[in-house]
Amino acid sequence: MIQTQSYSVEARRKFLEQMLTIRRAEEQVIHFATDHKDLIRGHYHVYIGQEASGIGACAALAPDDYVFTTHRNHGHVIARGGELGPVLAEIIGRTTGYNRGRGGTFHVIAPHLGILQTSGVVGGCMPLAAGAAFSIRKRGTTQVSLVFFGDGVLEEGAFYEAINMASLWQLPVVFVCENNGVARELRKSGQCPTSSLAAKQLTDIPNAFSIPSVIVDGADMLAVASAMADAVSMVRRGAGPVFVETRITRWPGNAGTFPVLIGGDYRLEWALSPGSAPQELQEWLQHSDPVALFIRSLVADRVMTKPDVEAMDAQIHQAVGEAARFALESPAPKAEFALDHIFA
Amino acid sequence: MADETDALYRDMLQRMLLIRCFEERVIELCHRKQLEGLVHVGIGQEGVAVGIAAALASGDYLYGTHRSHGHFLARGTDPGRLMAELAGKDTGLCRGRGGSMHIVDADRRLMTATGIVGGTIPLALGTALAAGENGDVVAVYFGDGASNTGSLHECLNMAALWKLPVVLVCENNGYAEFTPMSAHTVVSHVSVHGQPYGIPAQIVDGNDTLAVLEAGRAAVARARGGGGPTIVECLTYRLRGHYVGDPAAYRKAGEVAEWRDKDPVRRFTALLQQRGTLAANEVEAIEAAARARVEDAVSFMTESPWPAPRSVADYVYA
Amino acid sequence: MKEMTFAQALALGLTECLDRDPRVTLFNSSYGGLTPYRATYGVLREKYADRITETPISELGYCGIAVGAAMTGLRPIVALATAAFSFEAWPQIVNEAAVACYGSGGQVTAPVVFHMLAGIRGAGAVQHSHAPQAMFCNAPGLQVVAPGSPADARGLMRTVALESNNPTVFIDHQRLQGITGQVDENAGSMPLGVADVKRQGGDVTIVAVSIMVPRALEAAEALARQGISAEVVDPRTLVPLDKATILKSVAKTGRVVVCDESQLTCGVASELAAIIAEEGFHSLKAPIRRVGIPNVPIPWHQNEEDFITPTADKIIAAVKTVCTT
Amino acid sequence: MTQMRYVDGLRRAIELEMERDQRVIVLGEDVSVGGPFGITAGLLERFGDRRVINTPISEDSIMGLATGAALAGKRPIVEIMFVDFITLAMSQLVNHTAKLRFMSGGQLNVPMVIRVQQGAGGGWGAHHSQSLEAWFHHVPGLKVVAPSNAADALGLLRAAIRDEDPVLFIEHRGLHFRRDEVADPDAIPELGTAKIVRAGKDLTIVTYLKPVWDALAAAAELAARGISAEVIDLRSLSPLDMGTVLRSVERTSRALVVHEAVLQGGLGAEIAARIQEAAFDWLDAPVHRIGAPFAPIAASPVLEQAFVPNAWTIVAGVEQMLGLAPAAGLRAGDARHVT
C-alpha cells in the first residue's frame, strides 16, 4: 500500500479549496438543469463525491502533460485548472465556453490545459491516451499522458487493446480508473467485483499485462494525492504505464437517473456533524464524503478553523455564482456556426 | 474397453492423415492454379483439430478460424464438398459463397469459420447461451493473434460472468499472421488473460494428440457440468506459411526443422504402433485410403458445376 | 516525367512524406500482409525502421493510438490493409478522429491518414472486399480521397500526409496497384477538392472514382471507335467534392454515367447522381445511370465476382442506354 | 381504436412476441431495469433472467453473441442504447450478422432484431444524437425499419421479431413519448411497405421517422396556400418500397425527400437517384433533398436546431421547388432556424 506523504498547510488548504470549488460548481450544474427549463436538456453527469480522485491526480501533473477524460468530466477540467466561467458556459452550450458551445456537458475539452478529448463513448479515450503517450515517446519529451475512466471501461475491448500496446511499447501513460460504486468497507482494500465484470479485482487485469497497479481510497484526499504523485513520477521516469484504481463510494444524490441535491446545497455543518444532515446523507458524510472527511481532518489537525473553512466556502460560493451569471448572460452560438470547424 | 480405445485412436489417426493429405493436395492445386484465393493450411496442427473433435459429442457446436479445413475434416465434413467449396463450385458446402476462409457445415454443427481474427468468439458465446439449455457444449478456436483483439477480452468476461458452457481452444502456433507472439504482447501464454476472470487454463503440447484429447475432454466435461468456460491453450506450429504462397521468410533458421521432428502425425503413428494398436504395415494402408478419399474429393470438385452467376444474389435474405 | 506503377508512385509519395517531415510515422498492421504497401514494404522497412510501428491485431486500439498521436504532434499514416478492417476500428475513426476538430470548436486537430485497400480484390470473399467509401462520405469530419492514377496517388498522399490537418480516409484499390502512368517527380502536392478531366469528350460524361477511372478510360476508347465521344471526369477526392467541374461537363454533354465500385444502394454513385440530377437538372437529356455493385456481399468465386464487378463493358452498356434515350 | 405511446407500442410488441414465442430473448445494457427509456422495464420480472439478459458494455461482442444465439435457434432482440454505440459493433454486424446466410449458401439464418434509438433533440452532442441509417441501408443482408408512430412501433416491431433475417429497428428518441391513435392493435404490417399518410396532387414528400410529422405540418401549411402535397411514410428503409414512391411521383411530377440524417450520402441520395432513373420523363422539377448539413451534431440547442429539418424548412423547400415567393416574414434562408 501507499505511504501517505505529509503535505504543507498551504497544500492542504489548496486541496480543500479545489474540492469545495468542484462541489459548488457541480451543485450549480444541477441548478442549471433543475431551475431552468431546457438549459441542460439532455443527460448530464456530476463529480460530487469523487473530488479527491481528480484533484489528487491533477496535482501530480505538470502543465504540459496530457489529460483525457469522459462524460463525467467537469471535475477533472476544474481540477486541472479550468476557469469556472468558461467551464459552466460550455456545460450550457454558450459561445464563451471552452468549445464555444460545441461540446456541452458531455464534451468539455480544454486543449490549453492539455485536455484533448472527453469522449462520450465508453472507452473511447483509452487508445487516444495511449496514442498521446506514443507521440511523447516519439518526440522524446518527459511529458506523461493521464486518462480518467470509470470501471465500465474494463468491459470494452478498446481498453484491452490499448493497455496491451501501452505495456508492449512501455508508453508513458497513467490509467486512472475511478471505480465509483464501491461499498465503504472495501475502499481501502479487498476484492470488489462489479455487477458486469467477472474479475474479482479490477487491477488483476492490467497486472495480467504486466502493468503495475495501486488501489487507493478515493475518499482520502492525501492518500490519493500521494498515490498519484508516486504513479506519475514512476511513469515520467520511463517505467512504462501504471494503473491506479481510486475506490469511491457513490454519493446518495447519484442514485437515480438524474442527480438530486438531497436536502439542498451542501452545508458545512453536515461535514462537521453528519448527524445534522438529512438521514439519507448521514452515513455517506460520516464515512465516504471526501470533502467532509478532509474538512474534519483539517479542523482536527488545527490546519483550519471552522470559520476559516466557512470563509473559504463563502468566497467559492460567490465565485461560482459570478461564473454562473457569466455563463447565463453569455450569448448562445449563432445557428450558422453549426457549419464551422468541421475541417481544420 | 481396450478395443474401444484402439478403435478411437485408429479413427483419430485416419482423420489426421486425411487432413494432412487433403491440405498437401490443396497446396498442390493452388500452385497449379486449380484453386485460387487466400487459402490457409494448418499442416502441423492436425493433432489439435483431431484431439478436440474427439472430445466433443455430436450435438456440440464448433466455431473455426480462417485456418479451419482441419477443424472441419476432423469432425467428419465431407472432403468432396469442402474441396468443392474451396474451388467455388455449386456443390461446395456454401455453394461457392464462402471459400476457404468462410466454410460452414451446419449439419455437423460446424457453425462458421471467419476471415475476422477473433470474430467467432462472441458467436460461440451466444450459441453457448442458447444451446447450454440443452446440455450442448460449444468449442471455439482462436489463434494467439486473436489474444490482442478486444473481442477475446470482452468474451472472457462474459463467459466467466455467465458461466457459459464454452471451451476456448487457443491454437498458439507462435505467429500472429507474420509476426512472432513476443512482438505483439507482453504475456507469455494467451491463457494468462483468463486468470483475472477465474477462467482455468490447460496449457498442452498441441502436437501430442492424446494430451489435447485429455485436456479437451476435461474442459468439455467441466462445461457440460455447469462449471463454465475453460481455456485449452495448445502450443503448436504451422509447418507452412501463413497462407499458401507465403514464403515465411520471417521465421528463424532451424525453427521449422525442429518442429518437423515434433510432427503430430508422425508422433501419433509411432505411439499407436508402440501400444500395438497398429501393425507396422497398417499405416501405409490408412494413408493410401486417405489419399484415395482426397482424390475422390478432387474429382468430385472438378466434375462439379460452377454456380450460375445469376444466382449471385441468392441467400442475401430468406 | 517518368512511367511508373500505381504501387511505385504510392511508395514514392510515402517515402517523400517520411523524408520531408519527421512527424510522419507509419503504423503497419502486419509484416507485408495485405497492406497497401505489400509490394514495396521490404524497402520501406529497411530504410525507415524507426519510423514504422508494427502493431498487434488490434485495429480498434492502434487506429485510436494513431488519432491520439495525431492530436499531439505526429502525422501518422495507418496502413489498415483491407478496408474490411476499418469496421473493427470504426468507433475511433468516426467517433474520435472525425469529431476532434468540430467537438473542440476548432482547437484540436487530428491529422491522421487511414490508408486502406477497398473493393473487389480477387477472391477476397465476403469479408475482405468491402468498399466503405460511401459510409465514410456520410461521416462528417472525415476527408475521403480516392485516386485513380499513379500521379494522383503520389500527389494526394503528399497532400494528406504533409499538409492537411484533417483526418483522411485514403481509399486505395488492390487492382490499381499494377496500372502504370506518367508521374512528374518534380510535381508537389495536389489540391483537395479539384476534379480532373481525364479525357475530353462531347457526347456523354462518365464520372469515375478510384478503380473505375482506368475502366472508364478503357470504355471511352472503345466508345470512340463506335463514334461516341465520352468525357471522363475523376473527382479524385470525394470529400471535399468538386461539383463545379462535374456540372460543367454535364452542361456540355447532357448525359451522365456515374461509376463507383461499391454497392449501389446508398453508394457514392447515388450521391453523385442525386447532386447532378438536382443541380444539373435542366441540362440533362436522359436519366443518369449508375454503374456499381448490386446490393450483395462479395462472393468468393471468380465467376460470381466477375458477374458483379463493374467493368468497362458495363460502363459501355450504360453509356449506350443514356445515349439512346 | 386505442390510444398508445410509441414506447408502449414497443414494450407491448416485445411482450406479445415473448409470450407467443419462447425463443425470443432480450439482451442489452441495463435492459433489466428498462434501459434509459424504460422500454424493457418489467420484462425481467415477467420472463426471468434466462430471457432478459443484462450485458456488460461490450457492444461488439453483444452483437456477435446475439448472432450466435440466433444461429442456435433463439430469436434475440438486442438493444443498443444509442445508435451511436453501434459504431462499436460494426465488425460483428457487418461481417457476421448481415452475411452469415449468404456466406453459408443458405445453411444458416440469423433471425434477430437490433433495437436502436437515434435522432437529435436534447443537446446530447456528437456521440449521442446521430442518425446513421444510410450506413446500414448500404449493407446487404440487413433489413432496416423506421416507424414514425405508435401503431407502427407496435406492428413493425412484431413483424421484425418474426422475420427470418436480421432487422435493424430504428426508433426516434423524439417520438418515444408521443401518443397516437392505434386503429388495430393486432395489425402486423409487412416489412417493405410504405404508406401514403396524406394524399395530394402537386408534389410528393418522401420521408420517415420524426420528419413525417414535420412534413404533415408543412402539408397543412401549404394546403392553406392551395398547394396539395402528398406525404409518404416509408416505414421500412430496407427493403425500400419504391413502387409506392414512383406511382406517386408519376401523378405529382415533383418529389422532395426529407430526412434528419446528414444529407451527403444519405438515404435521400439513393431515393433521388432512383426516382430520376425511373421517372425521368415525368419529372417537372429536380428531385429536391432536405437533410442535416455535413457536420457532427453540436450540443448547443441553437446549433442542434440548425441541423434538423422542421415544418418550415420543408415549406421553404417546396416554395423553392415550385418557384414561389417565400411566405411573408419567412425567407428560405431563415427557415431552418424557425421552430
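A few notes on this one:
Each chain carries a letter (A, B, C and D) given by its place in the written order, and its residues are counted from 1.
Just so we're on the same page, a contact is a pair of C-beta atoms (placed from the backbone, for glycine too) under 8 Å apart; a residue touches a chain by one contact, two chains touch by 3 or more.
It should be emphasised that the depicted structure is a prediction, and the values quoted were computed from it without experimental measurement.
In terms of the distance between Cα centroids, chain C is separated most widely from A. Centroids of chain B and chain C (each the mean of its C-alpha atoms) stand 37 Å apart. As a whole-number value, the distance joining the C-alpha centres of chain B and chain D reads 42 Å. Annotation: 30 Å between the Cα-based centres of chain C and chain D. Shared interface positions of chain D, defined as residues touching 2 or more other chains, are 55-56, 58, 60-61, 84, 87-88, 91, 95, 102-103, 125-127, 140-141, 294-296, 298. Touching two or more other chains at once are residues 56, 58, 60-61, 84, 88, 91, 95, 102-103, 125-127, 140-141, 295-297, 299 of chain C. Multi-chain contact residues of chain A, defined as those touching 2 or more other chains: 101-103, 107, 119, 121, 124, 155-158, 160-161, 164, 168, 196-197, 342. Under the stated contact rule, the graph of chain-to-chain touches is complete, every pair of chains being in contact. For chain D in complex with chain A, the residues that touch the partner chain are 36, 54-58, 60-61, 84-85, 87-88, 121-128, 293-296, 298-303, 305-307, 336-337.
Those residues of chain C whose C-beta lies close enough to touch chain D in the complex are 84, 87-88, 90-91, 94-95, 98-99, 102-103, 125-127, 130, 134-135, 137-138, 140-141, 239, 262-263, 265-271, 273-275, 277-279, 281, 284, 286-290, 295-297, 299, 325.
Remark: chain A residues 38, 40-43, 93-94, 101-107, 119-124, 152-153, 155-158, 195-197, 257, 332-339, 342 touch chain D in the complex.
Interface of chain A with chain B (complex): residues 155-161, 164, 167-168, 196-201, 204-205, 207-210.
Those residues of chain B lying in contact with chain D across their complex are 61, 92-98, 102, 104-106, 111-112, 114-116, 119-131, 133, 150-151, 154-155, 157-158, 161-162, 314-318.
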